[in-house]
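Have a look at the structure that comes next, please.
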Amino acid sequence: MNPPVKRAIPTAVVALIAILIPLFLNDKTFYVQTVLSAVVVVGLSLFMGYAGQASLGQGAFVAIGALTVAVSTVSFNVPPLIALIAAPLISAGLAYVLGLPLLRLRGHYLAFGTLAVLLLVGALMGGVPILGGGAGIVGIPSLGIGSLVVTGQLFFAYLALAVLAVTMVVSRNVISSRFGRGVRAVAGSESAAASSGVPVLRTKLAVFALAGGCAGLVGGITAFFIPYVSAESFPPSMSFTYVIMAVIGGLGTLWGGVVGAVLVSVLVQALNTISNVPGTPPIVGTILQYAAYAIILILFLLYMPRGLWPTVGDAVKRRLAKRVKGSQTDYSDQHA
Amino acid sequence: MLNLEDVIIRYGFATAVDGVSISVEKGEMVALVGPNGAGKSSIVNAISGVIPVASGTITVDGASAQVPEGRQMFANMSVDDNLRLGAWRVKDRNPAAIYELLPDLARMKDQKAGTLSGGQQQMVAVGRALMAGPDLLLVDELSLGLAPLIVADLANYLTELNASRGMTILLIEQEVDLAFRMCARAYVLEAGRIVASGASATLAADPQLSAAYLGGIEASADRKRLK
Amino acid sequence: MNALLIYVVSGITIGATYALIGSGFVVVHRVTHVVNFTQGTLAVFGGLISYSLLSFSIPHGLAEALAVVLTGLIGLVFAFVTIGKKGTPPLTALLITLGLSILSEGIFVTIWGQSPIAPEGLDGATIILGASIENQRLLTAGISAVAFILLGIFFGRTYLGKGMTAAASNPRAAALVGIDSRRMGFIAFAIAGMLGGLAGVVTAPFSPISFSSDLPLALGGFAAAVFGGLSSPWLTVVGGLVLGIGGQLVAGYFGGSYQTVAALVMLLVVMIARHKSLSAEEAK
């Protein structure tokens, strides 16, 4: 069996499992939300990994995508499919506009900047009538073309999965393209990249817009999946969760984003379930949900800063290399 | 006073200093010369304790203080504050003694260090190092970016410090002629290794050495003509 | 005229809170180049601890002072986690402080519950220029002013303060002279903790705080600090006052719900407008 086919096997297995799972689930909400958060995190992880900055308010772009769908379909009778296509475009556009001034600065400005935009959008959603006016936007029509309309959750499960697959393929191609080489150069050393003629700001902007677009698309799909959009749907804690997923999974890697999203979603769900067991004092729930979660994040940041996917991947690679090469140690993937 | 034995310094996987041994006796003024990137600053920073050595030993008989490359002022603070901060590790923080030694500094004491000229800053840097009351003074690239007259003044001052007060000095210099004039003994460092050492006069007179490491006889003749 | 004066005065007190929190950001950032996300969290600690100490019948003045000191210690603990390990890059440190703020929210809910809490403050009001102004607000303004003056004296005139400034100004020379940058960072966090704690202590009596107050307080403080480019304490005070007074005026004339919007917009506008000068500051 030749190497590329061999390497595709684990991916194929994972894809197969992912396709089969929804068929066995009664309530596919958790599945859909996990897969969609993976889409957001893949984009975010790429941005954080390559631009070296954090977006603490990535939910802002999810919200903008959801709002695009909600407002355009409810208030302006835009056909659902068009609204869905508009969602990632508008979010990517907002990301570009925001990134233009803020990406020139050190990381913390963008971090707080996106957080401010998130809260601003939330405040506007709470105050401006057309954006929900505090009560939220209801009555979003079903996704469909003309008379062909989507019913049931299974469609969304596979739509989310397809979007994730496309996102990963697109991102992978972006990174391995000539543009991607510039992105990787910026990640390695900005000054070196700049002196080699890589347009640093434009590169970061492009990755940021890509991440914003992913988030916007997720927002748009969510607006159809749960046809109610309000400020409460996009709390800051959700944006922090995206960052946590990206960090734990492994910044700047595609599968890291997926691993992080799945693991953290499962972890949060597990903690939730444990604290809801009848007879458990509410304090346990609080401790689990805040403290355990935060401590795990801090431990990861301090002791496994590269995240699970790269660390595990490296360990596996080293084991395989040792088996093949005997006592020869492979320095090729160590960096100073 | 100062003893380096087989010191190896690494940055990641690059070896900057590869088994260097140097010794300086109390009261001596010794030069460490060599081209840019030879590893001189690494050695000096290791002696000062700000970077670790991968292997080998460094022993200093007492305390050392460094006059860093590029002066490294606390730019927004006054000359007086810069001097006082030099005494961070010791009890006596009064710069009066330094003002006596360097009366020019007293005149500038309330000026912000960032507004001073290169030569004045170099004087502050020397004064700041002396505030720590060191037994060994490490001077890293004294002449960098300074006009020859200013350098000559500072050089005289350091020579005086060594001659009359017996201060042990290790002088790191790219400017080979300056180094040989000030110091009776020298080490030549190239690509992390000592390639020659001994009396400055002997080293200067060796044509092969000059050609290979010290810029060539033509270059040193050029330098003499410019002065 | 009466209404305007009241808006300005309450604006000053809120602004003082933001300025105190913002100063905390500035102190930590100048010395460690880390943006400490827990600045808002520390303010909440200050307010809640002060409330608890008062409820244990510890007298006024002592309870608040103790709360400030304890919050300083909490700041120190945060420092150990955030910068204790050598070689933690600033982005990671920011995320660690984010984790610490989430952890603290759990602590807040566990110990103090979810409802907003307002510790007892000064009663009564004084008539100034024909307007009735709560005494607690006057106290806040006064204490904040004293705090800023002390901060200025600390950094400008004490040896330790100068050492910390030096560590920020030229880390290389500071290391040579023997200044331990990590230790200076710990002290910076402790000072920031006390500043944040003080903010919480003085503000909680008229603006009840709870576990969810940390984010808006942090954002307000950050906005004030950005005014000063995350490095000038005096501009931070100005920024806080602009934010506070501006916010109150907006709330007074346009309705309360727009106060947050005003603060967020100001933050974004300042960052975007000053981005050229901010990046020049950072490059120094």
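Order of writing sets the labels: A, B and C. Residues in every chain begin at 1.
Note that in this section a contact is a pair of C-beta atoms (placed from the backbone, for glycine too) under 8 Å apart; a residue touches a chain by one contact, two chains touch by 3 or more.
Being a predicted model, the structure only gives us computed values, none of them experimental.
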{"item": "Greatest separation from subunit C - chain, by CA centre", "value": "B"}
{"item": "Pair with more cross-chain C-beta pairs in contact, given B-C and A-C", "value": "A-C"}
{"item": "Chain nearest the overall Cα centroid", "value": "C"}
{"item": "Distance from the mean Cα position of subunit B to that of subunit A, given in whole angstrom", "value": "54"}
{"item": "Subunit B and subunit C: spacing of chain centres that average the CA atoms, whole Å", "value": "44"}
{"item": "CA centroid of subunit A to CA centroid of subunit C, Å", "value": "32"}
{"item": "Residue numbers on subunit B that touch subunit C, as the complex places them", "value": "48, 50, 65-66, 68, 72-77, 81, 84-86, 88-89, 93, 128, 132"}
{"item": "Of all residues in subunit C, those that touch subunit B in their complex", "value": "159, 162-163, 165-166, 169-170, 172-179"}
{"item": "For the subunit C and subunit A complex, residues of the former touching the latter", "value": "35, 81, 85, 88, 90-92, 94-96, 98-100, 102-103, 105-107, 109-110, 215, 219, 222, 226, 230, 257-258, 260-261, 264-265, 267-268, 271-272, 275-276, 278-279, 282"}
{"item": "Subunit A residues touching subunit C - in the complex, by the definition given at the top", "value": "52-54, 56, 101-102, 104-109, 111-113, 115-117, 119-120, 123-124, 126-127, 236-237, 240, 243-244, 247, 283, 286-287, 289-291, 293-295, 297-298, 301-302, 305"}
